[in-house]
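To keep things clear, I will list the structure first and then write my remarks on it.
All chains are identified by letter, namely A, B, C, D, E, F, G, H, I, J, K and L, in their written order; residue positions are counted from 1 within each chain.
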Amino acid sequence: MTSQHQILVLNGPNLQLLGTRKPDIYGCRSLADVEDRLRALASELGVAVDCRQSNHEGDLVDWIGSTQGRFSGIIINPGAYTHTSVAIRDAIEAVGLPAVEIHISNVHAREEFRHRSLIAPVCLGQISGMGTHGYELALRGVVAYLEQPAQA
Amino acid sequence: MTSQHQILVLNGPNLQLLGTRKPDIYGCRSLADVEDRLRALASELGVAVDCRQSNHEGDLVDWIGSTQGRFSGIIINPGAYTHTSVAIRDAIEAVGLPAVEIHISNVHAREEFRHRSLIAPVCLGQISGMGTHGYELALRGVVAYLEQPAQA
Amino acid sequence: MTSQHQILVLNGPNLQLLGTRKPDIYGCRSLADVEDRLRALASELGVAVDCRQSNHEGDLVDWIGSTQGRFSGIIINPGAYTHTSVAIRDAIEAVGLPAVEIHISNVHAREEFRHRSLIAPVCLGQISGMGTHGYELALRGVVAYLEQPAQA
Amino acid sequence: MTSQHQILVLNGPNLQLLGTRKPDIYGCRSLADVEDRLRALASELGVAVDCRQSNHEGDLVDWIGSTQGRFSGIIINPGAYTHTSVAIRDAIEAVGLPAVEIHISNVHAREEFRHRSLIAPVCLGQISGMGTHGYELALRGVVAYLEQPAQA
Amino acid sequence: MTSQHQILVLNGPNLQLLGTRKPDIYGCRSLADVEDRLRALASELGVAVDCRQSNHEGDLVDWIGSTQGRFSGIIINPGAYTHTSVAIRDAIEAVGLPAVEIHISNVHAREEFRHRSLIAPVCLGQISGMGTHGYELALRGVVAYLEQPAQA
Amino acid sequence: MTSQHQILVLNGPNLQLLGTRKPDIYGCRSLADVEDRLRALASELGVAVDCRQSNHEGDLVDWIGSTQGRFSGIIINPGAYTHTSVAIRDAIEAVGLPAVEIHISNVHAREEFRHRSLIAPVCLGQISGMGTHGYELALRGVVAYLEQPAQA
Amino acid sequence: MTSQHQILVLNGPNLQLLGTRKPDIYGCRSLADVEDRLRALASELGVAVDCRQSNHEGDLVDWIGSTQGRFSGIIINPGAYTHTSVAIRDAIEAVGLPAVEIHISNVHAREEFRHRSLIAPVCLGQISGMGTHGYELALRGVVAYLEQPAQA
Amino acid sequence: MTSQHQILVLNGPNLQLLGTRKPDIYGCRSLADVEDRLRALASELGVAVDCRQSNHEGDLVDWIGSTQGRFSGIIINPGAYTHTSVAIRDAIEAVGLPAVEIHISNVHAREEFRHRSLIAPVCLGQISGMGTHGYELALRGVVAYLEQPAQA
Amino acid sequence: MTSQHQILVLNGPNLQLLGTRKPDIYGCRSLADVEDRLRALASELGVAVDCRQSNHEGDLVDWIGSTQGRFSGIIINPGAYTHTSVAIRDAIEAVGLPAVEIHISNVHAREEFRHRSLIAPVCLGQISGMGTHGYELALRGVVAYLEQPAQA
Amino acid sequence: MTSQHQILVLNGPNLQLLGTRKPDIYGCRSLADVEDRLRALASELGVAVDCRQSNHEGDLVDWIGSTQGRFSGIIINPGAYTHTSVAIRDAIEAVGLPAVEIHISNVHAREEFRHRSLIAPVCLGQISGMGTHGYELALRGVVAYLEQPAQA
Amino acid sequence: MTSQHQILVLNGPNLQLLGTRKPDIYGCRSLADVEDRLRALASELGVAVDCRQSNHEGDLVDWIGSTQGRFSGIIINPGAYTHTSVAIRDAIEAVGLPAVEIHISNVHAREEFRHRSLIAPVCLGQISGMGTHGYELALRGVVAYLEQPAQA
Amino acid sequence: MTSQHQILVLNGPNLQLLGTRKPDIYGCRSLADVEDRLRALASELGVAVDCRQSNHEGDLVDWIGSTQGRFSGIIINPGAYTHTSVAIRDAIEAVGLPAVEIHISNVHAREEFRHRSLIAPVCLGQISGMGTHGYELALRGVVAYLEQPAQA
């Protein structure tokens, strides 16, 4: 049983603006709203989530580097750092936890430089373009992996 | 209410081998097994899925081109055609249905040429690396989109 | 005199959808409609056309490979295969017939990857962006070439 | 009815040599000869053509910039400027007239640097490799477009 | 009348060293000096400026993300982040204020990697190489734009 | 002893034209002729060959996917698909049989795009430019490998 | 004191069309209008401007090559030649006058090929995206530089 | 004599994890351990070291920018920022102190994107792949340089 | 005997400034001076030279296009057009005269974009970096070729 | 009859180490061993082989340059020089003998830089990945070519 | 204890000129001088060094290939061969000894083509820019590695 | 007066074959023949030449490295090493003598990889395509430079 799993949910730069900007693209839910829904689903799935946001690459690296022994998995929307941060990549690789990269919009349909993720190669996988609902899919995915890695 | 939604689920080249090859990577479920679980989830979500597989790019293009008026969405694992088929891309774009591209393995962690998807830019989004469980996440994602596009 | 010339007219992937999709771009004529007008012009020019469409690259290769002794020229809209099919290129080069590549839309004004044609280098030439009327221009061009290659 | 349409026909660098050089490639018709045939076809189609040639990029830009209110369309063989002139591109885009780019030889079968046209993306379309007959195809194409833009 | 306009003036990494380093390139004015002159000009132009500097990308993202309802425009010298920060780009694009990117030196005359700005595409424009005087030009430019966007 | 080895010999697009086209390059032997000689050599070496040709990428993928338990090795001339088919590559990799890629002409001496093989990296090796005799060398190579993998 | 400074103001291809084309992008001021305002500002700043426009790259090169002893600085909007003219670059470098490159629109936000300026590296700097007002900023910048090069 | 030299020793992102992660690659010494050994060697060489670590690019830029008059040289392991930080490069260049870039692992033997250092070009040199012992080599190198720049 | 040979000597953009600019690089001889010396050598070698200069690409194309029947060879310093003019290349190729490209400075030691000549591939050869003396070497080379093509 | 054919067999850098290094990749046969087997096969085929090895590019060039009138063909394993030696390429092209390039391992499955052969384009063909047995295949191929070039 | 370790010290092309050329860059010590100091340090560290220099790539490959059983490590300054020699790379990889690549100057601060080392990826590590003192650092590094590989 | 000048004339790989191979391209003069003519011209110009040829890159590097105090200039046809030898480049740069690179054929008209010279950037200049006569032009050029460097 998975009730003891703690999942770290990280949101990177500009995601504090969620819901108040470009609602046609990002939906009208605020980040708090999205996190609430995620906590509800976590509860339903018997796990817990710890949600944090920062515009500072260093904060994200700090947090990932401190997961040892306290978290079972990571869900991360690295925002703009997806395409530029080797530091976050190295942090995830160093701690060795299963991580899922999630993007609200379909990064593959946007500017060329958004097609490459420096972080996805060290993650379990990537979910993009499924809206804020993508966080919930990511949570389901991480939980399924923790329960049965071989079938994920 | 969504009970009338038909989702076309397409699997491309070499996916008929699922379960019997590299079970450490792709899991030990056969394609039939995966499709059965998908049908069960579809039923639970109040939609129906129609699952097909072919090694022929032309078959996939034929099938997508015939969705008009019969399907509400597409889930496609284009396999190797992900990286080479402009024809499948054009077909999806032409029929204009919401589509989700799904990959069992994390394509972003494999050879360079697998990082680029010709098809993802015309899809709603892409899910990769979540194992065969990814099909179920894709289905949940499509259904959520059909119910509430603005929030997806 | 050219009355004995048979011209093979090939349409590639997704062109079966012509007229029912994006009429602002592709016009509202169906493929059958376009072929009818082409047959009328062929008759007026004293040649015959044999029109075929397939979403299968292999079908196009099969058909081109069987032209020997039966056709004098080829008009081909390779659709998406324009940019990916070395096989069609090799087939045209192998049979050595004068071929004209035609595109309804202006491929040079679309995505970067549509600017390169693998097939045009082995054709007589390429016509793009002239709408479905382009097929008629292609036919006039092939016929003029067959009558007076040195002036074409 | 189209009898009032004036079409500006421009030929760029080195095309004054037409007919006297490499007749195996470019045919043995002089530019004057080609223009005469074009005028004859224009008359048949109920339009008029105004033909000019210059080796100066600036002349071509000047002429295009002065079309306003005097011409309905442009046929241009930019010769070598096809691959290097952003200025001609900008001129065509600025005046907003339907233009057809035409090349006597098949530029797609020549050196790599001739495959890219800076000008084609702002034209209606491009015709290449159909010999000097290509000018006539271009004229037919422009006239068809002026008569029925939606079907071209 | 523009007296109510607040302009946020941001300086990125290493600009705290201004005036004490390489005076032949960057002049001998300190950042405080430059900001004083800018405040004087602002006053003359009937606007106000709020000047901040940080070596932390996250600080710049934080500040831009908090402009909503408090500022009318942004003047930013992103320093080294010009070439590496998708996060600052996304922040500017998200808040939707008119922004001017300014560089003291002529970045186009320096190393290849300094020629590309990730940030300029989401700004009103870019001023580079005009020395510390460039901040004043940027301020004039923003004010002119706020007064008469259509003529800027 | 190797008498039980079945070798699957696959020929891709346009190879049905062998012998009737460009005999100076490809020799004047038909594909049937080449296959007959290969069968004779197979018999001499105590193995059997099963020869098939198709212009359809999907057929080649189907055939490779069905080798399990029936074949010991693969000889494949993928023709034009050499440079474009990730699907054939994946099929060979999936079934895990020793495969030899063979080209009649020297692909390394032809167009740039023919220098890269997507398929060779998952094969035992590649033989090119040895004419139709190359099939016999490939057969000797596969048989030698099956008899003594460590020395091949 | 600077009253003796003559500034050469050059406008390249298609700028004669200013004001009559795409007023939403380029504003509704004609080139004459822009030049008038520039003359007014010059007078205010105690300098003089000599304004010229040509669609001919050679004219621009001629004019720059003749500045010796007659002009103190150059303001140039090279239009399309920005991206293609090594000749103008060499001319500016040869005469060694301080030059400012100006673009009305934000070239960094347009097509990829407009991001690179061949001319900016030999200029004092570049101003882009500030509308026709940019000419005035450029003039202020040149004058400031002439008065106090070390602080510019 | 060099007893008055202060050397700033900087470690970038994820190096706080040293010793507890991947000991086969990075050895089992903690960062504190490494710093202790470095202090011992510094003492032996008659210099002093001031060791700091941060996951924040901005912290590293702050610290380098404050070296003026307090430090004689810099030893820096920029970790992941090696490949992405123009800001650290600019800081080192601005302060003008001799700096040595050091990497514990051999970056030239890892992923392609780790082969390029943005920072090495403004350093005295780079040491990589010599394990944590590399810090000691770097210290010896800096001290030798400070004592006899011409021979280093 | 060669007394009847006329050699056309062309100088491109900015070469009218020769001698008055950067004498350390280009020497202190004016273009007239260089041409005088060339005429003297021509006379010595029993040929004649016709020297022209223009900053207009079109002039150079015009002049080359008019050589037919009047000149035996071309010496051309295309200046900046070396790297950008397909038009001059096509003109030289069209008239088919032996041409020698000459550069006063060593273009291979300058900016990357000056390493590629669009024109050299259609010339007999290229001489660069030999100063203004290079014109004389070019003349000797052309004359030697005209006398004994097989040995040149 | 071919009994008089002498074949030069060349092995490049590091091949003297064969058999003693990485036997899992290169097999456990020494170079002498491989050459003995090749001599045996040569004798069986009625030809003679002359085997040489050097780590010096110049030796290989010397030997190839001296083949004239003494050898009928060349088998060469250029080792590392495959990817870097234009000199060996030119030597083979200069002497004009049929040559076969052979690699023991599958170079197409190794590092990117090993995929390109500078030498293969001037050879008859290339054999790679067939182990040391590949030398025997190469010999059979050369002999078949010498006996019947048109069928090879 | 390490007294039995023999270290092969190799210097590549042009290093015989050390001390007599560009002393500002390379210092004024001759190669003999540098080797003497290295021998002194070796003695102090309880190991022995065998120093050799050659301008011939083949000599370096020969020497490396003969280290087996006689040397424990390699220090190599491959000079210009750093960027072009796959042969030296393969030799080092083949003999499997720990090797350190050393460069006197900072190759990362020089021309672009000097940034890539073909040899470093198969070495323990690389030291560059530390002057001739770098040889001593390399020796210390190799000895430390031989004594305690896990900590290096 | 220049009678004391010794010029080292170097020919690289495969040039020993001159005259016996491809006389249509390289002329029918042997290398000895070319050297004789060069000696005759040297005598006429009052200098001496010392001619050497080797297929070994190391020999060329050795020879250039030994020029100090014995030669005044270098003429070098590096043959294939033109495009691959950083070692020869470094040798020429190290000795600091004026060098002229000469190619018999027009390298700019051959394969893409022959367009780049690694050596030309450190030479006075390059002469290509003037046949074996080019050596004489190179000699004239070097002598002119030695007599009057400022005018060359």
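One rule holds in what follows: a contact is a pair of C-beta atoms (placed from the backbone, for glycine too) under 8 Å apart; a residue touches a chain by one contact, two chains touch by 3 or more.
Bear in mind that the values here come from a model prediction, so they are computed numbers and not experimental data.
Participant: In contact with chain F and with chain I at once: which chains are those? Just list them.
Facilitator: none
Participant: Just to be sure I understand: going only through chains that touch, what's the smallest number of steps from chain B to chain J?
Facilitator: Graph distance in the chain contact network comes out at 2.
Participant: Matching A-H on over half of contact pairs, by residue number: which of F-J, E-G or J-K?
Facilitator: J-K
Participant: Applying the document's contact definition, name the chain pair with more C-beta pairs in contact, E-H or E-G.
Facilitator: E-G
Participant: Compute the rotation angle for the C-alpha superposition of chain A onto chain D, expressed as a multiple of 5 degrees.
Facilitator: For the C-alpha superposition of chain A onto chain D, the angle is 120 degrees.
Participant: On a C-alpha centroid basis, what's the spacing between chain B and chain E, in Å?
Facilitator: Result: the chain centres lie 46 Å from each other.
Participant: So the centre of each chain is just the mean of its C-alpha atoms; given that, what is the distance between chain D and chain G in Å?
Facilitator: A distance of 32 Å separates the two centres.
Participant: For chain G, which residues are shared contacts with two or more other chains?
Facilitator: 56-59, 84
Participant: Name the touching chain pairs, would you?
Facilitator: Every pair of chains in contact is listed here: A-B, A-E, A-H, B-C, B-F, C-D, C-F, D-G, D-I, E-G, E-H, F-J, G-I, H-K, I-L, J-K, J-L, K-L.
Participant: So in the complex, which bits of chain B are touching chain A?
Facilitator: Against chain A, chain B makes touches at 23-24, 27-29, 100, 106, 108-109, 115-117, 120-134, 137, 140-141, 144-145, 150-152.
Participant: Spell out the part of chain B that touches chain F in their complex, as residue ranges.
Facilitator: 12-14, 16-17, 20-22, 54-59, 79-81, 83-84, 113-114
Participant: Given the complex with chain A, which residues does chain E contribute to the contact?
Facilitator: Where chain E meets chain A, its residues are 56-59, 61-62, 65, 68, 84-87, 89-91, 94-96, 118.
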